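Shared chain: subunit A. Partners: subunit B in the first complex, subunit C in the second.
Then we have the complex of A and B:
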């Protein structure tokens, strides 16, 4: 049981990291990104390949994985600088699928749809499964806490204010002298780096990645997390991710509580719950559980 | 801001605590032996998973009604892979860590099987799978994987020889990107080359609503025998598009792809003359009749036949071992699946023979395993569609 809770905590952390990354790109800066599974995949694949095929230490693989995702994010942002709203959504959705298709078809590099098994985890061979889950849950919680603090600090800074200005009205921000283009690229790169870090955590935790992991289903869970928690608010992003994982995992125990609901019915119910929840939240509380409030400036006393 | 969000946080924590406390409330039936089904109930594999799960439940119900196993009842815990390795890993963790299942049965997609396999061997839980990718049994699984599906290399070799024997003169292979797509093409090409036949191939992206351009491309080489490499959903679309494009040559597809759902979706003239092949289910066996009765169908799909066998193999191994752990199944699986013991087609009859020697012959075939967990001695059955129904054509 404890091992399961630790693994669930780790998954909640990975979802939370994804929600934090999406929050920087979409929540703070207003660039919709439906391809987040793609950046997740770049981080995961880069680190997995470097630590298996090239035999590098995990920390080096992780650093390069995060950097690769950030560079990919910066490139996407640069290429889509003039796109907004629906158009950006379509391009990023296409980008996410593009990464998945490359992973599935460039067999020489990614081992195709067989995926990459045997990705090393920190001290995995010398720990019991329970100890490994405990260690990895601790690493994940620490990483999420660090990135939460980082993006919360960013949100309160003048830089965060400028990002919000771009989100609300790009033209006005440009007129006010903000370097809109550069800041959008930077914000996208930072957000993509967090998505890449989530990928690194996923790869080294589960020890196996394949193109099937990076299907758009995951993107929908993360959007639900962020919308439920509160778009634009890092605390909301993490809270939303925890709620989504609790629903996903909690619904497993519904079968025992509702014996009539079993098998395919329960599986369908889970998907229905997620969909209905999204609709209800958008209807009743479109700003999320923890609405974004203008932060107090740094250094101000409470 | 802090003040307003406090109650929400507290509520969320309370909700979390309630969710975590729930299992201890509902964990009834202590002392039951637990098996997990991990089939695709939603996603790409969603057409197969529910029946696969029902076949396991049917097999277990029969043993429970007959007094159980080692004097204990058997409980099935079902989880959904969502045809996603990520979701499947979460589900497998729950089956292993919370339910403490002795075996996990019915993983379908190869990526899902590869993703959950390490969790199984680390925790000494037996994994029974229907995935065909060659790489699966080559994982360092220490004997904790047994698969009832012939590996893809064997399947493709058999089908390719059949194509040559039927007198095809120009071959094509068309299918989605899967772990066995490229190796299928290579095997078909090698078999065809021995007969001096050229092979054209095309790998497409699954989940499209039309394959007109793919069909045009593949027909440009003017093939007279096409081998399909996909699953039910994409094969339905592909067969329709091939027919609309006026293709009149021969077609062969795996039985799991050209299955009942395809027959329902397409008119009979589209399917006329299409060949299917599968690891021959033991149609006249006791086990096959049991699955027919459990599922209430005339033709049992290959995957459900296999998961029925998974459950019976696990129960017999536990009966043989006298212990209910995954390690016990691991240690005694081959003692009850092969050898010269009394042939049996269900756990109910087999448990009556124990502790004497039994040899389980299942609904999907003889269920004999080699040292890495691959199935051996599979016969293959070819069928041909006539007036909208598959008719037995040949056994190899």
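Then we have the complex of A and C:
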């Protein structure tokens, strides 16, 4: 049971990392990215392939996985610079599916829908499963805390202020002297790097990845997490992700509590619960549980 | 003191075959408040968009402070010292008044990603200077009591003042004001005009699009009249009011 709780904590951390990445791209800069799963997959596959087929150390695979996701993000942003709102949403949704379909069909590289098994985890061979889960949960919590601090610092900085201005009105931000295009590319790359890191964590924790993991439903869960937690606020992003994971995992126990439920019914219950929860939160707190507040000014006021 | 700060020559721009600007040109002198008037559809707003880089002109030449800025991006033009405001106050609803002003400050190292993430201390000193300047500008525009409020929560008149305030934050040489008093009551309108007069000086010039002729008379040293995408005439307010071609243009008669 403890091992299960630690694994759940790790998954919550991975969701939290994804929500932090989305928060930079969408929450702070206003670029709708429905292709989250794609950047998550790029990070996971890059690190998995480098540490299995190429036999590189995990840290090297992780670094390259994060970098690959960031470069992919920068490229996406550069190509879609003129697209706004729903058009960007359509393109990124297509991008996410594109990555998943490549993973499913380029069998020579990705082993297709059979996936990549045997991805190494840190000290996995010398630790008991419980110890490994504890170690990995600690690594994940540390990584999320670090990225939370990083994006919170970004939010409070003049750079974050410019990003929020771009989110509200790109033309007015350009007239304010901001290099809107460059900042959008950088923010997308930074957000995608966090998404890639989440993929790296996932791959080395579960030791097995397959295209099915990267379905668009994952993207929806993360949007849900961020919207419920508070768009634009890193703390809200992590909180929302934890809530969503608790519901996803908690519904496993619904069968035990509600004996009348069949297996399929219990599975449907989680979607219903999440849907109802989102409606309730949006009804009561339209800006999320922890709404974005303007950060305290850096310069002292007179 | 008759140096030209802004020279606009033969600027043309059309939208789907309609010529919004058709070879318009004029000069703005340094240290002046120049009015830009004309009937609806004369091309005043398109001219502002071309000068500020929001919409690039198809042909023609725009020279600012001795530099050819034709086709420059809006951010580069703003950093060069030519800043515009928007007719409908296009603010950043979720930024406070102070943040909106700070955003328009120039030369903030904390707006580079690396410094923002790794060396936040390097931004602090500049932030302090900009904060002082923001408070100073807010006080001059009587916005100091709402400086912590979200821009979305300001009144219409305050939004207009914030438009002027943010234009001033980047230490511009020339500010393009797009209908600075539209939609505010007449006494506040005169107030805003007074505020603009106080701000103008040898180092800060204004080019103002405005439909309220009382305000134009009160504010502008010189008035340029546009009609049908071209420069029609220019002179002092009294001169152009006497001009028959101006009356014709406003009444829709072709000269």
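Operating definition for what follows: the second predicted complex is superposed on the first by the 296 of 302 C-alpha atoms of A that agree within 3 Å, B and C clash if a C-alpha of one lies under 4 Å from a C-alpha of the other, contacts with A are read in each partner's own complex, and residues count from 1 in each chain.
The criterion applied here is as follows: a contact is a pair of C-beta atoms (placed from the backbone, for glycine too) under 8 Å apart; a residue touches a chain by one contact, two chains touch by 3 or more.
Since this is a predicted model, take the numbers as computed values, not measurements.
K.L.:
Looking at A:180 after the superposition, I want to know if it touches subunit B, subunit C, both of them or none. Which is it: first, second, both, neither?
P.N.:
A:180 contacts subunit C only, not subunit B.
K.L.:
Classify the contacts of A:190 with the two partner chains as first (subunit B alone), second (subunit C alone), both, or neither.
P.N.:
Second partner only, subunit C.
K.L.:
Touch check for A:268: first (subunit B), second (subunit C), both, or neither?
P.N.:
first
K.L.:
Touch check for A:105: first (subunit B), second (subunit C), both, or neither?
P.N.:
first
K.L.:
When the two structures are overlaid on chain A, which partner does A:172 contact: first (subunit B), second (subunit C), both, or neither?
P.N.:
second
K.L.:
Which partner, subunit B or subunit C, is in contact with more residues of subunit A?
P.N.:
Partner touching more subunit A residues in the overlay: B.
K.L.:
Of the two partner chains, subunit B (first) and subunit C (second), which one does A:71 touch, if any: first, second, both, or neither?
P.N.:
So A:71 meets neither subunit B nor subunit C here.
K.L.:
Go through the superposed model and pick first if A:139 touches only subunit B, second if only subunit C, both, or neither.
P.N.:
neither
K.L.:
In the superposed arrangement, which partner chain does A:157 touch: subunit B (first), subunit C (second), both, or neither?
P.N.:
second
K.L.:
Which residues, counting only subunit C, touch subunit A once they are in their complex?
P.N.:
52-54, 73-75, 78-79, 83-84, 86, 90-96, 98-99, 102-104, 106, 108, 110-113, 115-117, 120, 123-124, 127-132, 135, 150, 166, 170
K.L.:
For subunit A, which residues count as touching subunit B in their complex?
P.N.:
Going through subunit A, the ones touching subunit B are 1-5, 7-8, 11, 101, 104-105, 107, 112-115, 117-118, 129, 202, 206-213, 215, 217-218, 235, 239, 242-243, 246, 248-250, 252-253, 255-257, 262-264, 266-268, 270-271, 289-290, 293.
K.L.:
Using the touch definition from the top, list the residues of subunit B that touch subunit A in their complex.
P.N.:
1, 5, 8-9, 12, 15-16, 19-20, 22-23, 26-28, 41-43, 46, 49-50, 53-54, 78-80, 82-87, 89-91, 93-94, 96-98, 109-112, 114-115, 117-119, 122-123, 133, 135, 139-140, 177-179, 181-182, 203, 205
K.L.:
If you look only at subunit A, which of its residues touch subunit C in the complex?
P.N.:
Listed in rising order, the residues of subunit A that touch subunit C are 150, 153-154, 156-162, 164-165, 168-169, 171-180, 183, 186, 190, 232, 292, 294, 297-302.
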